[in-house]
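In what follows, chain A forms one complex with chain B and a second complex with chain C.
Up next, the complex of A and B:
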């Protein structure tokens, strides 16, 4: 296996990072400048806030699925748990005391982390599709549990009134978020929410970046690529698998808590099966085992609707094509699912490494060692590479995997 | 190792500092309005303030209306054809009457996947990016719950919304008007019917574990509390569950004399079919108003559904002899040829007709206030497929307050008895016939 170029923090990269952080810091005010006012407005600030929320949530999923190889279709359940814990704390306080936002969100994150850590235990024996099913069960069960008032068991009516805490089917209405008095007049509500979300988002992205390049990150990747090999090298499988779940729970909890704060409304239907699956789709689309990929995944989650609208806009509404192509509003409406799915399928066939993979290909950079590992992403290019490898192997060699695979790795990315 | 520890501490310090800064954020008590005169989003100095006469979404030639509907990624996307019904009628008015006071109606639909978090995004986009004049026909209880406060605060009319949660229309909010039968009125009507016809009997309830079903079940329990009807079984189900055989079996085990299905057409049809065909159970069924349509009969099987009772306020699409239904089918065929007419498109067209009525009442000087007042001025109005009249007033934001019970006979819903009014704004019309013709109280049927 080729040793890829290590990503050193060159001067250029640091400069780029600083510029990006500056952009993030002033974004909510940009629309007052003449040039930016053309396409930025408070609605974009709202979208940017949403983007920040999804970034936090998807980073957790990326750590769990992209780096540790544990497929989780139930990540939305952890987000919902975090959201409700934060919401209840903000609404009802704790033991009579008012709970400030940051404490509520942090508590939500820690609680969800602990819960996810424990949930990792039954997941230890499962992998691949079986783990996917188990996590799917989680997200299917949770909305119902959040609405639960009572249920029958062995002929008895048990009043486990969870709905009293969660607001039940009608959801939980929270207090409106407001900037502190000292900043009154300098920030609007929306700008304040943007900072409330972006600061944790930046911090947690940095955290994730650090984790992936640390001992824990190496253990995660080892577990993903080869459990037997990892154990041989002294990695405590159980502990690290559960830690992976716990970390994803931390991110999900913080993201969910901030979600509840920014929306001031929480419904059991806000995070359900389809959302959970879409989150995984977003992570894969962005690029597995890649922090930049997660950024793109979060962009996808925040701008899905606009992307689909843009794609429908590409269909020419020429008169003679009427009847063969969707042309009217009504047609676009009814075919919306197709406009969403077909580009997705086409994209993933030709770019299985996601957007981050595409960037890597275009940039000519070799994949980092944790991306080039046994992360099996087969795409047409990869298949072509394997065919070529077998051809080169000839009739004498049986296993083309043992062949030098430099060009195949590049093709796979 | 030491370097790592130092880095770790530094990181922890940064995180803590960040959190301390953030924890300064306060919260406002819910209900406290921002200072008078300051809009929810303050304009920074130097930005243009909007001209007083400029009404968002209204020009001399166009009115822009918006709504959120589940178009994809949810089983609820079957209800998206309601938007087609709305648009078809507005296209018809645009073409035949040139719009209302010379302004043509344009309709944008945002896809919220029936997810309240997405509804917030969609509605904000409609209001802030597309600058719609009003939200008309927004669908979904949980979805609307997420955006009613925002719309109220921004002063955007939320008209004829598709949801029956009681708090949508009580207390009355100036810019918000309901459409469907609200759950309180529906349960009152059903409870009265049950007390009259099933006195002393045992009742089973199947309810969808969402806002509509659970609230309905609780209200029904409350309404029948002091009566001689005993509720012996309550079975909840989640709307993603496809197979309701276990629920039906559990209902049967509790041996009720009749069953109330507070469920959507899919579930209701499934339960009826299973009960009749698989479990050989001939218990009478009462259905929620939402299932009083052809879908339930189709899913249950006409023979199985025979005798099922429900309440409605509109004419069935199967009443092809009725002039109003014929008109509806004509308009759909001409302006939405790819969408089959159904009770859902009828409902959509009702919304569209009410909107046009409100716009006409509002007069040529169109603002959001005049639109809402125009809607409140609707009295004794019979839409094309209404079976009962619609009355609104400044204190009555519920168009549907009269019900007419109907029963499945030979595979079709047939109304029986007299319309029952829970109307808080009494009018002179008691029923509707033909293509929007009112039937007055002193007329003979």
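Up next, the complex of A and C:
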């Protein structure tokens, strides 16, 4: 499963990336155009917003579990922290001042990052299944903690009114987000929400992508593959593990803050066990240690209800099995867990690389003309350089100016 | 003082259930290194199977309370077969894979059993019967008042532990199972079918889990989520006792039952799972090997 950390960027990929960014930028307005109106609508914009939200949250888990190998079943706990920090800041303000959304979300991210960094310290002593147990216990206990009002100890009533911040069992209702007045009439509420989520999502995706190809990312992978070996090579285990936790906390906090902002309602049960496990499932299904895989994972999270609904017509009702087969839509919604855990187990056994791994395998068998334009680059600067080189080369030159011959071998490595 | 003894007595009853779940977890963990997160959900599913059989059997009046005991043993048998099937079909292929793979697979089983139970039986909690021997007025011994159900739960758990002890220590199959857990290669060399022993280990642990589920169900009511807390306490007990040690799991499970009850009495029952979480973290930080475990030195 070990893979080289450096990726290759082909010119086609650069072009595809630019087109993709353009698509992301105009997506919420596409449905007003004649052709796209047939299959896009404002609700799709909202779903795309959800996708961006999940992308941010899952990237944090990907960095922690996929790259660093620290199994966390309690990622939703970090999301909850970010969500509540942002919600409290947006609702009550800070020291009598109103807090702008961006500041609240950023503060939620930084606070959660700091908390997760510190939580990483005890986690240093836990490895593999032990960490999984501890984080599972955390997420099962979390709703209780969030609903806590007071407890007694040694006959004394102790007030620890966490429910005051979290709204307790009833949950917390936030104001619906609105576009600033100067943009009145230009964007609808849903479109504004989309940009508020997509801009950080795109930035943080590139950030994660660059982290994984940097010194930090290589240290993460080294720790995952062999902890002792990494230590021998001079990787500071404590620092990098805590960094992994801190980074995942940053993503979870920003994601949680945006969650509070977009959903406008949450309760301690928004962050329950099955949802937390589903996050890990999504990362694994999409593809471990892969940013593209995380994108697939986020798609899965955003569209899982629709996918399950799409399957619901497929099983015919057989007379003598009446009542023993799932046929209605509500049957399928209840069976949702089974519908993704069975593919999950099949994936783990036959294709541990997830969807991204499958695509990579298929890509390895791609025709040579597809592999021809590969260029090795590191970082965004090189991306810009490539675009420029491509531009200068003019339309009649299909091959780039400087193309290393050994790039194909590198792909095999 | 009377209150304290009462707390301990009730705690030991719940603790005995946690102890046998912890034993089931440790049984699998020390032979395959797989932490079975689906242990609780498999037990819950077995309990639902027993429940539907009990409601089917209740139409007839059988002697000796067989309306309850027949489904009980059938459910244990079915759960055992289920455990064996799970090992063969799902876990054998990931035996050599990294830890993460087996964790994910058992989590997949967790959600699968949970959602199938929600679909078949619904999410609303149902009452689960207990055998008529366990019903009736509570007994009082000195200052302690304890219900017959609690005593019955404790007695059945003790019996399960005793049977497991005799099976593992005084039968040839038990010896082979312990050997397979220790060194699989050496086992195969002397002719012990190690793979089959692992399958049997899973069957045994699923069967024990089903017993635990049926013991818990009358107390916490039958629902797809009923084993979440019990599983966490069992995990905490197993960690407290040392994940490699069967006696440790029993001691840890019993202790956790007492701790849970004491926390309920002296702190507040609405934070019971939090207590399990605190115990797990504290044990792992202070003494990762647990009370009766020993440090495992890993060769690189």
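In this section, the second predicted complex is superposed on the first by the 323 of 413 C-alpha atoms of A that agree within 3 Å, B and C clash if a C-alpha of one lies under 4 Å from a C-alpha of the other, contacts with A are read in each partner's own complex, and residues count from 1 in each chain.
Criterion: contacts are C-beta pairs under 8 Å (C-beta built on N, C-alpha and C of every residue); 3 or more make two chains touch, one makes a residue touch a chain.
Quick caveat, the model's predicted, so the values are computed rather than measured.
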item	value
First, second, both or neither for A:138, with chain B first and chain C second	second
Contacts of A:236 with chain B and chain C, given as first, second, both or neither	neither
Touched partner set for A:340, first chain B, second chain C, both or neither	both
First (chain B), second (chain C), both or neither touched by A:284	second
Partner chain(s) touched by A:169 [first = chain B, second = chain C, both, neither]	first
Chain B versus chain C as contact partner of A:147, first or second or both or neither	both
Contacts of A:331 with chain B and chain C, given as first, second, both or neither	both
Shared chain A surface residues [contacts with chain B and with chain C]	140, 144, 147, 273-274, 278, 331, 334, 336-337, 340
Complex interface listing, chain A residues touching chain C	1, 65, 69, 71, 73, 122, 125-126, 128-130, 132-134, 136-138, 140-141, 144-145, 147-148, 150-155, 226, 228-229, 273-274, 277-278, 280-281, 284, 288, 326, 331, 334-342, 344-345, 348-349, 352
Residue ranges of chain C in contact with chain A within the complex	29, 35, 37, 90, 93-94, 97-101, 103-105, 107-112, 114-116, 118-119, 228-229, 232, 235-236, 239, 266-268, 270-274, 276-277, 280-281, 284-285, 288, 300
In the complex, chain B residues that touch chain A	11, 14-15, 18-30, 32, 40-42, 44, 46-47, 69, 71-74, 77, 80, 83-84, 87, 107, 109-111, 113-118, 120-122, 124-125, 128-129, 142, 145-146, 149, 165, 167, 209-211, 214-215, 238, 240, 336, 338-339
Of all residues in chain A, those that touch chain B in their complex	29, 32, 41-43, 46-47, 50, 90, 100-103, 106, 140, 143-144, 147, 149, 168-171, 173-182, 188-190, 192, 196, 199-200, 203, 207, 210, 259, 263-265, 267, 269-275, 278, 305, 308, 328-331, 333-334, 336-337, 340
